[in-house]
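One chain, chain A, links the two complexes that follow: it is found with chain B in the first and with chain C in the second.
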Partner chain A sequence: MSDDTLFAEVLDGANRANPYPIYERLRRRPVSRQRDGAYVVSTHAAIRSLLFDPRLSSEDLPPSRRPRTGNPFKDWIINPLKNRVATAHRPLIFRDPPDHDTLRGFVMKEFTIARVNNLHGRVEALVDTLIERCRGRDEVCLVEDLSYPLPVAVICELLGVPEADEPQFHAWATQLATALEPDARRDEEARRATVTTFDAIAAYMRRLIRDKRRHPADDMLSGLARRGDRGEPAMGDVDLISTAVLLLVAGHETTVNLITNGMLTLLRHPQELARLKADPERAPRLIEELLRYEPPVHFRTRKALGAIEIGGTTIPPGAPVVLLFASGNRDPERFSDPDRFDPSRDDIQHFGFGGGLHYCVGAPLARIEAEIALVTLCRRLVEPRLMADPPSYRAGASLRGPSNLGIHIAGIV
Partner chain B sequence: MSERPGIVIVGASLAGLRGAEALRRGGYDGPLTLIGDEPHPPYDRPPLSKHVLAGELEADATALPHLVSLRARWRLGQPATGLDRAGRTIRLADGSDVPFTKLFIATGARARTWTEQGADLDGVFTIRRREDAVALRRALSRPPERVLIIGAGLIGCEAASCCRDLGLPVTLVDPNPTPLARILGTVVGEVLAQTLRRSGVDYRPGARVRALVGEAGHVRRAHLQDGGAIDTDLVIVALGAVRETAWLARAGLVADSGGVTCDGACRVLTREGPPDVDIVAAGDVARWPNPIYGGRAITVEHWGNAVEQAAHAASSLLRPAQPKPYVHLPAFWSSQFGLNIKAVGLADGADAVAIVQGDRASRRFLAVYGRDGRSVAAVSFDQARWLPAYADRILAGAPFPPILDATDQRRIETLAPGFPPLRTERPVLEMAHV
Partner chain C sequence: MRVVVDLNRCQGYAQCCYAAPESFALRGHEILFYDPAPPDEARARIERARLACPVRAIFVEAADLHAADVQESDPSKVDLPKVDRP
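Right, the complex of A and B next:
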């Protein structure tokens, strides 16, 4: 196997359960060119430096292209216009400054620490309810029973999206999350499916936002939608919709992996599970180590605007650049004994939430959800044991996590 | 005393403390003495002109953490008044002598005070020490009818920001065309000038205060050189700092109000030329040839330098056989009027400036300074995250402008940075002699 196809191996579903040996081989060069022209950045130092390099752009999505309908008015007038609007109003993770900074500023004004902390009790109650539902069974399907429904309920509550509508956008969220996966981005059909899905979820959001303007509540969407009413600077409707969709999808597709990867890691390290059970105060450090050791997002792609010389390689202008966060997290140049899960290490400067400009907006919320979920699971599940190791994985190589985690239990306390 | 006197550090602020820690970390386990003219253990100064003035932080809550067990003897509240280099002793204000084997100079600087008419009036403040901030904070909460700030450098502007946040009327007087003109030039300074005005500061560029006059011993009015007057009952003098070198006057070193001159490894130079290898200096007081700027001798009055240079000087003291040049890219930050300003490198002396990301109209931008075609400094307004990339380019001696394919980059316009001509320390007297 040659080095310029290593990233293709990362994308190969056969390696989903354990991509780390491939990352190790990638790290022999801080930046390696792949046969398809992408540059994969795998060492901690190189990732760190590029996260703060203004020559990397996040505006790397190909333009929107809506599928042919056969209706010439739609195909020649309406859809080209829609394509242009959608391309110009991408969610902020696909935008550069200054637009990115403006949009992020609006989100941060609503996504306050107070709002997140207020959810603490609600998250505790939700976790208890979800675990209680497993009573009488000798098996927990963690993704279905807790890791998925918890963050979905929380993000719906935070945004002010009726949870009863969840079945409707469950599939939309899964489809839209593929925008982060290189395979789906290259495949023309998958891209058309993404655009169609976006149209559907955007129509849903447009109605919801209209409702929020009429009947505002104490939630983020009401806050974002009503800023203009108070004469403050506000997002335009198109940006408002793409931001709302982004937050909803991010809430669906990331924390689920953090919780499931967390429980999987604890079940593989029973002594750490026992320690957490005996001392829940260990949770914050454990979560940080988890974000290093099994992060929910493994990589993000950017585009080089100019030639960038780094780690003995020159990335040419226009080249796709893959920041392989999960590999930087296991770099032995940066962390001693990096493949060991060790919550007591004092140095955990991980890329679990990315870094730089696009550092995860939801990090405080993810930490709270994962902490409460893992502490409560350890306390309440009696004699939990993994039913299959490795478990089956979801398709994504970037948003990576088990699709199902069967845990055998002797009961619930 | 049976044992050797060991290492003595004169100056118990940031550089002195970090120097002491570096000595212990570097393996020195002999006697260690710290002498400080203030009665307090080492504390952090940057919050004094920001959070302390704003009333968000108590002045005595700024103590610096000790990162290493120092096992040191402290002589606090005792200014050093003289150095006898031949006798290897330091004279203290109480007349006692402290012997040393090796000496670490970290006496820093003091605020330049008002020396013209009205210097003895009540209601005239500087901001340097903890007591200054406490007294000023108390006076601001009374509250005054109008605050007059003399000097639109970093401290003057930060003070103006705090006073506006407190809702106080503020007049800011400065001889230069814009704030921060000396360190960032007028092209960038103009952005801050607009911010000052928008925030309701009565900003008077190109003006000088001639005299302060009082009633019943308290300041009431400031007379400007152009004949105008400003009614004020509280004056903040923010005219920069004077290095604490008076105690070195007869030590045979190269020392003046601009600092004590060192070689590249932070060892102080004697008048005869060669360095005294047992005496080093670090922090605001140390003037050394910085290789990044072609060996130009500079002092750097910023937090980061005090920390880094202290560690370097300690290593020069412990390993005199292997002196290494101290290479430092100066850096500072400031928060004022809701803006986060960060800079790397020395902009003064630059012949060009380019806005390379963002734009000045939005007050979110990154500007790079060039000299003779090379990039020498960069400053960011609410765009600090990109600064490390520019710092790397500056250290590498990259051409100017250094990064031509950045996000949020418009057509790059190169301008003359607009540094005011050098002035002498006492402009008023100079004018009188003409």
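Right, the complex of A and C next:
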């Protein structure tokens, strides 16, 4: 197999359970050009330097295009306008400075330390309730029993989205998350589906934000929506909607992988599971190692704004650039014995939450959720055993994690 | 317990402020204030802050290290984490 098709192999679902040998082959060069013109960056040093390089843009999505309806008024007037607005007001994950920084600033003002840390007790209660529901069974389906419902309940509470509406936007969130997957981005039909989904969820958010303005509560959406009323600088309504959608989707599609990958890794390393059970104080370091060893997001795509010379390669202007975080995390030039899961290692400078100015906003929350979930699972599940290894995986190559993790248990304490 | 932050490395990610809010605070965008001698009961939170730092800028010297060893050791031989500089 030649090197310029290695990334296609990464995207191939057949390699989802173990993409790491492909990453190892990619790392023979820090940057490898693929046949489709994309440049894959796979070593820790090259990823690190590009994360801080202003010549890489996150505004890499093609312009949004709504499907034809047959109604000329819509097709020639309304939808082209909507397309322009939607393209100009992408969520901050797809924006560059200075707009990105302004939007992120608004989010950070509401993502306060107190608001995040106050969720601690709530997360503990949720985890206990979700585990309690498995009582009497000899099998836990971790994704549907805990890894998915926990972050969803937490993000709904934080944003102030009624959890009762969740079934409505469950499928929307899954569809919108494909904006991070190269295959879905290239596929015309998938992109149309994403646009249609965005319109549906945006309409939902618009109504919700209107309610929040009338009846503000102590949640992030109320805070973001009310800023303008108090005479402070505020986001425009379109940015407010796309930000709300981004936070909701991010809360749905990422932490689920961290928790499931975490339990999978612990079940594959029973001695570490036993150690964590005996000493929950090991959790913070174990979670950082987990973010290195099995990160929830494997790569992000950017676009080169100018020619970038790196690692003996020149990336031409306009080329898509894939920052393969999960490969940098396993780079033997940076980490000794990188393929070993070793929570006692101290030098864990991972890309589990990305890096640079797009560093994951939700990182502190993800850490809290993962720590409480894993510590409680280890304490309460009696004799947990994996039912299938490897488990089945969700479709995503970037947002990568099991679709189901069956765990055999002898009971719950 | 003694805490030192390498402010040349610090990039203002604010992860320490979430992990140990009583010991770290970010003013404005990137000015970090921190308690260089936090009380022992803050230990677990300080350790979380140290581990969560994306650029490994936080160094903790625990009281159970022998103060004499630290003072007498040759700074060039101190085993700091390996950092790759681009």
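Please note the rule applied: the second predicted complex is superposed on the first by the 413 of 413 C-alpha atoms of A that agree within 3 Å, B and C clash if a C-alpha of one lies under 4 Å from a C-alpha of the other, contacts with A are read in each partner's own complex, and residues count from 1 in each chain.
Here is the rule we use: a residue touches a chain if its C-beta (ideal position, glycine included) is under 8 Å from a C-beta of that chain, and two chains touch if they have at least 3 such contacts.
Here the structure is a predicted model, which means the values were calculated and not measured.
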Chain B versus chain C as contact partner of A:E281, first or second or both or neither: second
Which superposed partner A:R367 touches (first chain B, second chain C, both, neither): second
Which of chain B and chain C A:W172 touches, first, second, both or neither: neither
Which superposed partner A:Y39 touches (first chain B, second chain C, both, neither): neither
Partner chain(s) touched by A:Y148 [first = chain B, second = chain C, both, neither]: neither
Which partner, chain B or chain C, touches more chain A residues: C
Chain B versus chain C as contact partner of A:D96, first or second or both or neither: first
Chain B and chain C footprints on chain A, overlapping residues: 49, 52
Contact footprint of chain A on chain C as seen in their complex: 13, 15, 17-19, 21, 44, 47-48, 51-52, 54-56, 81-84, 86
Chain A residues touching chain C - in the complex, by the definition given at the top: 44-45, 48-49, 52, 113-114, 116-117, 281, 284-285, 288, 334, 346-349, 353, 355, 359, 363-364, 367
Touching residues on chain A, where the partner in the complex is chain B: 49, 52-57, 96-98, 101, 304-307, 317, 356-357
Chain A partner contacts - residues on chain B that touch it in the complex: 357-358, 362, 364, 366, 383, 385-386, 388-389, 392, 403-409
